[in-house]
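Would you mind keeping the following structure in view while I ask a few things?
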Amino acid sequence: MSRIGVFVCHCGENISRTVDVERVAKEAGDIPGVAFSCDYKYMCSDPGQNLLKKAVADNNLDGVLVAACSPRMHEKTFRKAASAAGLNPYLCEMGNIREHCSWVHEDREEATAKASDIVKLMVERVKKGKSLAPITVPVTKKALVIGGGIAGIQAALDIADAGHQVVMVEREPSIGGHMAQLSETFPTLDCSQCIMTPKMVDVANHPNITLYTFAEIEKVEGYIGNFQVTVRKKARSVDESKCTGCGVCMTKCPKKKIPNEFDQGHGMRTAIYVPFPQAVPNTPVIDRQNCTMFQSGKCGVCQKVCGPGAVDFEQQDTLIVEPVGAIVVATGFKLYSIERQPEDSPIQGYGEFGYGTIPDIIDGMTFERLASASGPTGGKILRPSDGKEPKQVVFIQCVGSRAREKGISYCSKVCCMYTAKHTMLYHHKVHDGQAYVFYMDARTPGKGYDEFWRRAVEEEEAVYIRGMVSRMYQRGDKIVVMGSDTLVGVQVEIEADLVVMATAVQAQDGADLLAQKLGISYDKYNFYSEAHAKLKPVECATAGIYLAGACQGPKDIPDTVSQASAAAAKVMTLFAKDQLERDPVVAKVNEKYCVGCLACKKVCPYGAVEEREIRDRQGNLVKVVASVNPGVCGGCGTCQATCPSKSVELDGYTDEQIMAMIEAL
Amino acid sequence: MHAEKLQHDFEPKIVAFVCTWCTYAGADLAGTSRMQYPANVRVLKFPCTGRIDPVFILRAFQKGADGVLVSGCHPGDCHYMAGNFHARRRFAAFRALLGFVGVDLERLQFSWVSAAEGGKWVEVVTELTEKVRAMGPMKEFKALEDEEQWSGALNTPELREAFESIT
Amino acid sequence: MKNKLMHLSNETMNVGFVKKVEALSGTSVRRCFQCGKCSAGCPMTAFMEHPPNRVVRLLQLGQGARVLAGRSIWYCASCETCTTRCPNKVNLAAIMDALRKLSWDADGPSKESYVQLANRLFIENIRTYGRQYELRLGAAFNMKSGQFLKDLMLGPKLLSRGKMKLFHQKNKNLPEIEAIFNRIEEMRKKGEAL
Amino acid sequence: MTPGKKNFLNYSYYPGCSLHASGREYDISTQALFKALNLGLKEVPDWFCCGATPAHNVDELLSLSLCAKNLSLADQVEGDLAVACAACFSRLKTTQHHLKEDDTKRQQVETAIAGPASLGKPVKHILEILARDFGLARLEESVKKPLLGLKVAAYYGCLLTRPPEVPELDDCEDPSIMEDILRALGAEPVKWSHRMECCGANFTLSRPGVVLKLSNAILKSAQEAGADCIMVACPLCHGNLDIRQESINKYGTPEGSLMGNIFGSDYIPGSEDGPRREMPIFYVTQLAALAMGVPTDKLGLESVIVDPRPLLNEKDLL
């Protein structure tokens, strides 16, 4: 038989005005199992709490119900008081007879009856309650940052500066991401590399950062505070520890005509190469697909010229296991391709623009490279086909974006601004040239952004034409652009020397695969999903994993850096304690009854349910059951309602407790 | 502004299964805003509508509820991301079953009430109470129980065990 | 003309014309972001084939000829509503003035002749008499526009109420007025003024 | 009426062409009112046309030059320059404004008028003189015969307040100066929607159809607001609302469109409004003078087309 104490609060007059609190207390006393009941003017006051503590001690109570305000208000208060009196805090509950009763009903008789009912229900719940202990998990104070664009760099530096270890994994031979490719950046038009390269160097030199470039995530196990990450370091064919970065190998490599990815294919590189001069690390990598040695076993020039003997054709991929406590995902974006896409692709190219076969129709990133002093044209705007300076340049916004039929309905967010920037850069470089921009909307919400766009229109004399382009084709050395100006209501035709398309920002290739390894969710466009669009914009639903930058959705640099620093702050919050304490309202599987159907695993929004094999002493598999990781479980109870064999149960909301309440109705 | 208190022949018992984050908080807001609604409702709090097992609803009807309300966060607003979505799927199947056993589906209402919708909570509760009041007491399951009592059908241990296993 | 395909290039965009409009009106057409507020409040939009915002739009595209070919500018009432309310301080009323002047200088390629005629007569009246004489103005207009009977019924009413004078006074300043006209013509000839 | 010591204030006066013709009752009543208020008014000798809308419409330089010349003529007479016509007022103020702001234009104008542009003299509309110089309080005190029971729709038209930096008369979107004056006179200003809409004055000669359409909306709005009459402060507005009122009232009727066909003006058939009652149009000076007890035969009431006397009789104001 339980020994429950019931405390009915007057809340000054807030409750007692409509609820006969004395009667409620008296009726509570009659409920079987209630060993003590009383009413009091202000239960939450110090004397009120002392009354509770004293009653627990004096009456040897094993459960407490405070009938007062909403538990959202004072549950913590009373649980603390109960705890101080030596009772497990989870055996203290509240009945809400204020917000749900005295304040919403006028009839004293009805309100009193309802309050009594609430007490009765909750007493049954307390009776079936269990002592729970908070869950603690140890935290490995080392963070993994995936992706070395500006997002990853910012997050890594912030975390490392806070004194924690960081492992950065970058897929490409160098960090830097897209920002390293940009010429000048809106809204201030400062040189991208000037602000970017120092940060890249900081990453390389930071004592707390371990940098793996040309590396990928192989496997992720564990949970918040306790991840085990396996990193695959791809074979570089150059021994990083020996290479001095002298570059002799690159000057001597006979394969010199490989289109350079960094310059969007508009410059050339060798088979042994660094992507760009300021690359971090400055260690070359052999592109095995294009290296004669790897393709036909001949050459080996690089190896011969390399003084320190760093070139190593035999090098293999290596796997490194890193234990980390938190993960920041910062894998960025890729640009939409207007080329003809495979039949089954969810996105489509632009047949009406020639499927990318017209050489002088380029994308925005290519324009960045043309405008960049370190680019293939040394910063001169020269068109790809014949290297002439274009006098009429047409920019087209929203290519791929906001085009449901082409497969993408969202707005890419950065292209309005970078197109405005491009018109300015163009006007600065080609004074007698004319820039035209076809646009549907100019979306420029941001500090100083609209002013920036207006500057492009008013001072840099870009002609903005509201309307889309229908078709483009080559006529002589010109590109005929057929568009419309919906403001005037006429068709417009421009013979352009160069066309620059602001193609959509898309999720990285393989973003979904990485998400599956990490156990995080992503939307239908493969952008990673934040836990809450407004209030948890950097957290993943999966505890311990955070998002930064364009991998979560199109973002410009200011937004990316803000989010990266926010993600770093979240990691630092996690690392601030040695142990992670979590509310013990989590699910537990009763392995005896679990039939291993894993229905629970499917519905769990946190990915907290894992499979567990039960083996006998000989190691033979007895059965597979579900197992809930308490470090990850969010406590929603969906698994329990789903389980056909009722073998998983949410502490604090057990079937028994709920049924007891229903019985008491 | 005290409205004339109406006397009714029948006061239905309404049970509300609500989630903590949205509807419970919405009901709290109705309280802090001192809105008024019928006192017939008894609220049972859950972490998430995802936790609500249809069996609870059946049991509530059996234990004398005349109407049941299930309410949680709006789609997309679930504190646990997708709990309410799973709940929705589950209840869709459950409704059909309930209809099959002969419960008038009008007695069971699902709704979304956010933490900011104190007014909507009042509306939903009031409407359901009025509707159920007009429908009269829920007799189906009670009759069943009575019948069981009278026939003594549960007197054999096998039957009792079977009965307990489903309740 | 209105719906004809528009070729845009450095050659087809008459930037010189637009610069003139901007100089005359003291306002930049590039400031306009085509919100349409001018047209929304313009009492004359219903009469125009290019509502005011589109007039500016065409100028932005260097399409002065298209504007002048239409009658829109001649249907502007100079009420200043557009200028007053434009969020970008585009002085559209002044742009309209400038366009009419340029159209006038080009001897009106516009379709709208009545308004031009009225303006012309009004200004001639100033030059000749110093002040307006409404009877003369009205009569001359009807004669020249071929609408002999227009507003015929108003005349007697106005006369009988002393609202129209049959004769005019001589203005002592007439030579000075003439001199002003001449000096302006002189300045323009010398290219000292637009 | 020479300005003398006994006057409260003295003004130079630019009546403008209309006040000597179709708007003569405005002139008459202005003179009478000023006299009644002890305000001196001396016409600028041999002033000439300000060019009004047609001049600036096609030749801004001409317009500015004409006005600049008139402004320097006005310098010969003492006192701020009183202007009754909203169009003249607008042009003169515009000239002052532009020439102060724009040196190039000023130099061009100075060449055209062969002398310095004189921009110092305050140019004031009659409304300003009544409400500000003379003052609303004093105006109210001077009322001998308050216009009790007269519901008046005060019509500003476009040029009195727009664009705001030029006339600097009142709030350009929500002025109150005319209503204030009406209240001081004891009349009741009505709230209505079209007090600042354009009447189409510019087209009175060339495109009367435009006037009919625009002025029709104004008359309709005033009537819907329950006004007995409309008060204006511009002879062009008056011309449209009064002289053309009969045609306007037929606007859209079969008779109207027939007339349009016959008389060659572009009447636009198809308006939903039928004929409506006549609405007298007063000048602000007529109403003010009436309230000041100026004999009714000095107000030019007989000169207007829509006879206001029945209304005044009805309200016991004659």
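Note that the chains are named A, B, C and D in the order they appear, and that numbering of residues resets to 1 at the start of each chain.
To be clear about the criterion, a residue touches a chain if its C-beta (ideal position, glycine included) is under 8 Å from a C-beta of that chain, and two chains touch if they have at least 3 such contacts.
The chain list, named the UniProt way, goes like this: A = Disulfide reductase; B = Heterodisulfide reductase subunit D; D = Heterodisulfide reductase subunit B.
Please read these numbers as outputs of a predicted model, since none were measured by experiment.
Steps from chain A to chain B, minimised over paths through touching chains, total 1. Between A-C and C-D, more C-beta contact pairs join the chains of C-D.
Computed from the mean C-alpha positions, the centre of chain A lies at a distance of 61 Å from the centre of chain C.
With centres defined as mean CA coordinates, chain D is found 68 Å away from chain A. Between the CA-based centres of chain B and chain D the separation comes to 74 Å, rounded to the whole angstrom. Our note on geometry: chain C versus chain D, Cα centroid distance of 22 Å, whole angstroms.
Looking at chain C, no residue sits in touch with two or more other chains. Shared contact sites, meaning residues of chain A that touch two or more other chains, are absent. Shown for chain B are the residues that touch two or more other chains, of which there are none. Taken together, the touching pairs link the chains end to end in a line with two free ends.
Across the assembly, chains come into contact as A-B, A-C, C-D.
The part of chain C that touches chain A in the complex is made up of residues 2-10, 13, 28, 30-31, 33-34, 53-54, 57-58, 60-61, 63. Within the complex, the chain A residues that touch chain B are 70-72, 96, 98-101, 103-107, 110-111, 113-114, 117-118, 121, 521, 531, 541, 585, 603, 605-606, 634-638, 640-642, 650, 652-653, 655, 658-659, 661-663, 665.
Looking at the complex, you find that chain C touches chain D at residues 24, 26, 43-44, 46-47, 75, 77-81, 83-84, 91, 93-94, 96-98, 100-101, 103-104, 114-119, 122-123, 125-126, 130-134, 137-138, 141, 145, 147, 149-152, 154, 157-158, 161-165, 171-173, 176-177, 179-181, 183-184, 187, 192-194. Contact residues of chain A toward chain C in the complex are 391-392, 432, 434, 436, 454, 457-458, 461, 463, 465-466, 485, 487-495. Listing the residues of chain D that touch chain C in their complex gives 17-18, 20-24, 45-46, 48-49, 51-62, 65-66, 69, 73, 102, 108, 111-114, 158-159, 162-164, 172-173, 197-198, 200-203, 205-208, 210, 213-214, 243-244, 262-265, 302-305.
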